Amino acid sequence: MNDLDQLNGYFFEDLKVGQSAVFGKTITEADILMFAGVSGDTNPVHLNEEFGKRGMFKGRIAHGMLSASLISTVIGTKLPGPGGIYVSQNLRFKAPVRIGDTVLAKVEITELFPEKKRAAFKTTCTVGETVVIDGDAVIMIPARGK
Amino acid sequence: MNDLDQLNGYFFEDLKVGQSAVFGKTITEADILMFAGVSGDTNPVHLNEEFGKRGMFKGRIAHGMLSASLISTVIGTKLPGPGGIYVSQNLRFKAPVRIGDTVLAKVEITELFPEKKRAAFKTTCTVGETVVIDGDAVIMIPARGK
Amino acid sequence: MNDLDQLNGYFFEDLKVGQSAVFGKTITEADILMFAGVSGDTNPVHLNEEFGKRGMFKGRIAHGMLSASLISTVIGTKLPGPGGIYVSQNLRFKAPVRIGDTVLAKVEITELFPEKKRAAFKTTCTVGETVVIDGDAVIMIPARGK
Amino acid sequence: MNDLDQLNGYFFEDLKVGQSAVFGKTITEADILMFAGVSGDTNPVHLNEEFGKRGMFKGRIAHGMLSASLISTVIGTKLPGPGGIYVSQNLRFKAPVRIGDTVLAKVEITELFPEKKRAAFKTTCTVGETVVIDGDAVIMIPARGK
């Protein structure tokens, strides 16, 4: 086996409904800044404390897509991991994430489609007990037996 | 009028179906690196050229959520701009984005919901003529008359 | 089980001599820049192409500690993964890494010390067939049975 | 003398046992984020405050190799400075570094090997009075007389 093969994630045959994985990260000032730089999203609700205080969140909040990106992290590094192809991701933003919050992204397999070698996932981001994003994803996964 | 008010985007009453806006960005090595740091997504298909070459894309590709983040940029900075609240975003990943590609994100209002003060958008990312992401979003927008 | 428990790596009892894991990454201009920024290591052999060309490497090279950091990545994220404590790392720099090279870090358990709950690892970084760093590490690992 | 020659560090003949140099840096959130991106080390002990709190350090800590990189900074920019070649670096991690800590890296020449044009260094990182890393390094240094 080539060492690079060790980088691969799960094969389709190894997956089961109910399997789950998580990744969590504390959202810091530095994350907000870097995400603004990479995305170009300079909305003052993320960068301008005075603007944020006047709005409904009473302060700055993190970019919703920053938290959503942690879902992609679990999918791309843990379940199914490297080799999977992102087909779709639906996101519903339920609550704001503030600087200092620790976001936990969790993905759980809800259905397997053997003919298409695809898996459907429930995808959730929480801060403590609060769901901040819920949604679902479909991933195409390499098969061992093909 | 306070100077901070000038930071606000559109009010609901000012929007029309068919209105659109765009934001574009060339995806560089630095974007991939920064996005990996912020998201924690170290999938080798993004970071490891040798792993990437062995896969179906024949090289490294950008994180799908990085391109998707540009949609949020248009929404948060242009249409409707600051003051809008992200309700949902659905994403279908259609084609890979490579380092050096320029991604153009476009959002277009497809429907207005006056009672809920919400707007539905068609959201698309293209590289040249190729659609790399399509999808739709719903945004809640502050109303002038309330 | 708490979701955060899913973030933990291996317990000491689960490890065997010979077990290995890898992480690989292509070293780009952006990596050199960011590593210089984070470390403060502005040695012109990394940042100044004209200086680099006059030296024995005939061009710029990556920071040795940047490649060495990939060893820490395998240890901290894969084997043994989160929960392990870095006790020591010895590094011998054998060959330069250039921009565009893909460095593969590999760690392999060479000895287990049940009384101290420590594992010794052989740690190697390669570019293709060339060993660029070799060395060894000792990690303290949480035990299930205690 | 070419202006680029002014970038060179010490020649072997100019070094003495006992000579020392330092470099110090405050470790911020941004350093942790950037180092995670460059290294790919997303161990939650560095990125996830809730995970960190449950562990033996009672909070997040900086990557050990980030502090270790400051040793390379002193060597590559001050003593002996540009022109030296890193042969080896041994590291013993003694205590954690937290966000906001200022790490001072110090290198001191302990032995000179004129035949091989190499110097051995004691290398230490401290936070206040606490040694966080100790170790030793060997560097090959250009000679004037050759």
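Letters A, B, C and D mark the chains in the order given here, with residues in each chain numbered from 1 onward.
The criterion applied here is as follows: a residue touches a chain if its C-beta (ideal position, glycine included) is under 8 Å from a C-beta of that chain, and two chains touch if they have at least 3 such contacts.
Note that this is a predicted model, so its numbers are computed, not measured.
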Remotest chain, chain B as reference, centres from CA atoms: D
Between chain D and chain B, distance of the C-alpha-averaged centres to the nearest whole Å: 41
Distance between chain centroids, defined by C-alpha means - chain A, chain B (Å): 15
Separation of mean Cα positions, chain C and chain A [Å, integer]: 26
Between chain B and chain C, centroid-to-centroid distance (C-alpha), Å: 35
Multi-partner residues of chain D (at least 2 other chains): 33-34, 37-38, 40, 42, 44, 47-48, 50-51
Topology of the chain contact graph, where touching chains are joined (line, ring, star, complete, other): complete
Complex contact set, residues of chain C against chain B: 23-26, 28-31, 33-34, 73, 77, 100, 102, 104
In the complex, chain A residues that touch chain B: 4, 7, 23, 25, 31, 34-35, 37-46, 48, 50-51, 54-56, 63-66, 68-70, 72-73, 76-77, 81-83, 85-93
Of all residues in chain D, those that touch chain B in their complex: 33-34, 36-38, 40, 42, 47
Touching residues on chain D, where the partner in the complex is chain A: 28-30, 32-34, 42, 44, 47-51, 60
Chain C - residues contacting chain A, complex: 3-4, 6-7, 20-24, 104, 106
